Amino acid sequence: MKLNEQARGVYVIAATPFDDNGAVDQDSINSMVDGYLAAGVSGITILGMMGEANKLSEAESKSVITGVLNRVDQRVPVVVGVSSAGLDPLVALSKFSMDAGAAGVMATPIPSIRTDEALYGYFERVCNAIGSQTPLVFQDYPFVTSVHASVPVLERLIDDFAQIVMIKHEDWPGLSKLTRLRAGSDSGAHRRVSILVGNGGMYLPPELGRGADGAMTGFAYPEMLVDVCDLYSAGKAEQGEDLFDLYLPLLRYEAQPGIGLALRKELLRRRGLMASSYVRAPGPRLSKEDHAELDSLVARLERSLHAAGIQPRNLV
Amino acid sequence: MKLNEQARGVYVIAATPFDDNGAVDQDSINSMVDGYLAAGVSGITILGMMGEANKLSEAESKSVITGVLNRVDQRVPVVVGVSSAGLDPLVALSKFSMDAGAAGVMATPIPSIRTDEALYGYFERVCNAIGSQTPLVFQDYPFVTSVHASVPVLERLIDDFAQIVMIKHEDWPGLSKLTRLRAGSDSGAHRRVSILVGNGGMYLPPELGRGADGAMTGFAYPEMLVDVCDLYSAGKAEQGEDLFDLYLPLLRYEAQPGIGLALRKELLRRRGLMASSYVRAPGPRLSKEDHAELDSLVARLERSLHAAGIQPRNLV
Amino acid sequence: MKLNEQARGVYVIAATPFDDNGAVDQDSINSMVDGYLAAGVSGITILGMMGEANKLSEAESKSVITGVLNRVDQRVPVVVGVSSAGLDPLVALSKFSMDAGAAGVMATPIPSIRTDEALYGYFERVCNAIGSQTPLVFQDYPFVTSVHASVPVLERLIDDFAQIVMIKHEDWPGLSKLTRLRAGSDSGAHRRVSILVGNGGMYLPPELGRGADGAMTGFAYPEMLVDVCDLYSAGKAEQGEDLFDLYLPLLRYEAQPGIGLALRKELLRRRGLMASSYVRAPGPRLSKEDHAELDSLVARLERSLHAAGIQPRNLV
Amino acid sequence: MKLNEQARGVYVIAATPFDDNGAVDQDSINSMVDGYLAAGVSGITILGMMGEANKLSEAESKSVITGVLNRVDQRVPVVVGVSSAGLDPLVALSKFSMDAGAAGVMATPIPSIRTDEALYGYFERVCNAIGSQTPLVFQDYPFVTSVHASVPVLERLIDDFAQIVMIKHEDWPGLSKLTRLRAGSDSGAHRRVSILVGNGGMYLPPELGRGADGAMTGFAYPEMLVDVCDLYSAGKAEQGEDLFDLYLPLLRYEAQPGIGLALRKELLRRRGLMASSYVRAPGPRLSKEDHAELDSLVARLERSLHAAGIQPRNLV
């Protein structure tokens, strides 16, 4: 099961569950995967930025890959984040992942890239090094990488490297970029790749309206993202946006940079997807005020869902 | 009427209205001021980042200051953004503003500052240069300035310079910072200054819950910000948050960086506060897709207000 | 006298002389211009980054432009830095400069530019706004602007806008970029523009070897830069590099960022080109250790020159 | 042999030698170590930024550590760079290094740090995590890390954590910082730690004059750095600076960011310290122009040494 340009729906960005001592927790990997699948996700992305990949040893990274792939057991495609400062580590992790059964890999540009030419050159090198049979997701996330990808350079890469099958779109602001990318494929000038949006899902409705195929993000209520994508697919955009707006207060709270990872893990813990909300150092810790705000936002969400006649779902 | 630590409510960040040829539009300054006052704002801040201050000539800046002050006519305090790469231009604009009747001035740190010590030293210099009788707002906006202010350095500045009466709080994430600043004044260890929040108002409810005195931001529906602040002041936090959440989908759309200024000006134009949504170059322009999304979000807001039994307000 | 692609030699980056109270000092403008001309410079660039342009009022900027142009009196071309956050101020200053007799203007990209496309778009806009009759120098200085210009985008701009007649080349490292730019014009694929190098002159010999036409920098001993360029032009590269190396210890000391401006002004003061080494705030101040190091480096330079049989020159 | 505050002289930043296929080359590790020792270095630092640490697998890193330690065989202290995005990998590598016989470890702040408080907190955490028995070098290199350390925060760390025994000083400009740090220890207000300077050695003479104890950098002619430090120690500063200036043209060429690593490895290869100048991807490659400039600069250096009556040294 290789990733391809037809990918759509929600590829949830998986957290990496630790126990309260900070060790990778395989039991929670299992419950998390089960919960994500119960939410109806179309795929799972592991070892991304929110997966604390750069705080893991190589052995831990491999145990996460193997653990997730085993539990998923081919039910949905799994994408593995392989970004690295060096090409050799990137290639090694990519090979391990594909050999273990991943559907594809995801990479960001290295932070030192500053021109279209350098960006093209870097991904040309990555594509050649991982091999044309390895599907690649281009993660376009300038807020974190500080690398900005223009539409022309993305189109050149798409045209020249068939293995680039998906863009994780989280430029910000990014709506006009999405429109331009879709205009380029709609006109037939460029191959159409899958575009899944990130940024915590903050702009999912307008992005779906502009041609995104879904979301690749880790909001702790992925079932909402799934339903919104389904409603848009079914031509029920207004209903989709209605549903989205119910979750928006909590979603925008979780989407804060930095502390967002701790908030997300705490929500996943509360929902039973993982046993601990431990975040590895250096990383954020929640205060009692943070917990109280989560309490309040979750209670408000439940009231909103109730008022809208929507039954909250349990994932485990 | 000088700004002081008791300032609270909404100090709206004013846009700078141009006509369709890009000239400063004094008629629209008048209608904008009237609209803001009709919204119930407690103060007006001009020539901030969203006021395109750095695209104006000195004469234009002065005409905006004079124009706004004349129209406001002492009804609410007016704060003038005076940030500059050089201390001399900052002092000159500060003096002009105070002489013209401004209530205080606002400054950001210059972008080259990288340590607490350098930050303290810069504001010490600014305070001394503008004179102790000029009330100063510290704009804490690392997303744009790239300068981060720790709580200890802010407290040192507050302790040492009585003229610093307000912090425009838009660190992101910034909730724990707000809690720490309030703990410092609640305990009596440090003077209590006014804290008004920015970031387009994205986190106004939790921020008010943590001790913010209001907002200093330019959302095109300032009456909502005013009402939310009033409800929190009246002990009706849940109601305040209910009201806020109705506007959140549009607010989060307007809060996009870059294009947000064009969206805001277009909304102000639609609401009759200014004749043109012109943004000076280099600056964003709206596409037909942007306009359509605004149409949709405004229509959805109106439906939400209607469903909640709230009468939409006209400001002009 | 308009700037064109044949420009070569040393265009000295002029400091802006203040008196000890920080006022623009017209007498020192005169002595500085006289000194630069005595050094044999081919042109003078004013209101660049080292000219503290962003700490001047508009009236002061104009007085510097007028003062320099009057004193130069058409003997060499004068280029005026017009970079600004806004297009309107840039155009206004450009028009004032050209009307006053400047040979051309110089602009950096605004710091928010992050892609080739955005860079092209910005300079397209600048070129159109200042008018095709105004010669433009593209200042390529990523260390300060954080904007990187790829060779392809520079070539596109050169091809499309005849008024871009010069690149101030101070990318770092930048030697291979220079080689590529020259290969592009040597092959006839692109128009050949003048390339003058910056970075304080740190790499002048290899840069001349790779096809630079000279230097645009403000080292306090511009006569050395002039002589080195002349020796290279005369086919005496080794001699040029010998001369350069004598000054390198002092030149690399002056080339430190930040404090470099204060060091340069102090050297110019010692040499009699200006009455005061005042730097406007916020800006560096020299310590007694800095002064002692300057003393030592200047004494060592004089010994080196003496040992090499070179007579030190006075410029005033 | 643990690193302590008395460390002085040259701790050479070792490159990581690869063969022409990019594999770690243990034979070249041996010849490189031999060469460095022949140059008279006081210590060796491995897996720093110039050691391409972040392009190595964990097994490769360990093989470099073991390989170097074995060859050095206790003759000089070896410091291991352990910087990492995560605390767990940092601790693991630190423990491995100390168990294997390293004299200490070196760490940079993580790039997200922006305030004195965050910087203190991070190093407090690092010190506690690696254990107080592990000597720590604070690498202060804002040009690459983008983290700036004020003198007060460095002094607080020095006062509170006895295991911080050395600062690798490469702030830029950094001379006044060095003077302030030394004033703090000279007055007895703060513990005196070793300060070795970096930045390729560009400012070694004034830095030694201001109280640096030596250099920690990787210039391909470390014997010069050793001799300069020795001359300064012997009170022969002028002679030291004379010697330094002979190498400055080549040193400033090698000190270019980015391509500098490739230039350095090529020089080390030419000098026989390693078999190949291979740099791992993504990394720079030398052009024929770069090679020709190296040829010329080395020939010029040899002529300068000859003229000064200095015998060039072979290290292998």
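Labels for the chains are A, B, C and D, by order of writing; each one numbers its residues from 1.
The working rule: a contact is a pair of C-beta atoms (placed from the backbone, for glycine too) under 8 Å apart; a residue touches a chain by one contact, two chains touch by 3 or more.
Composition by chain, UniProt nomenclature: A, B, C, D = Dihydrodipicolinate synthase family protein.
This is a predicted model, so every value here is computed, not measured.
J.: Report which of B-D and C-D is connected by more C-beta pairs in contact.
T.: Output for the comparison: C-D.
J.: How many angstrom lie between the CA centroids of chain B and chain D, rounded to a whole number?
T.: 47
J.: Which whole number of Å gives the spacing of the CA centres of chain B and chain C?
T.: Chain centroid spacing, chain B to chain C, equals 39 Å.
J.: List the centre-to-centre spacing of chain C and chain D in whole Å, with centres computed as mean CA coordinates.
T.: 33
J.: Would you give the residues of chain B that are in contact with at least 2 other chains, written as numbers and ranges?
T.: Residue numbers touching two or more other chains: none in chain B.
J.: Draw the chains as dots and join the ones that touch; what shape do you get: line, ring, star, complete or other?
T.: Its topology is that of a complete graph.
J.: Mind listing the chain B positions that touch chain D in their complex?
T.: Residue positions touching the partner: 114-118, 142, 147-153.
J.: Taking the touch rule as given, give the residues of chain D at its contact with chain A in the complex, in rising order.
T.: Going through chain D, the ones touching chain A are 22, 52, 54-58, 84-89, 92, 110, 112, 122, 125, 129, 280-282.
J.: Could you pull out which chain C residues touch chain D in their complex?
T.: 172-173, 175-176, 179, 202-203, 206, 209-210, 241, 245, 248-249, 252-253, 256-260, 287, 289-290, 293, 300
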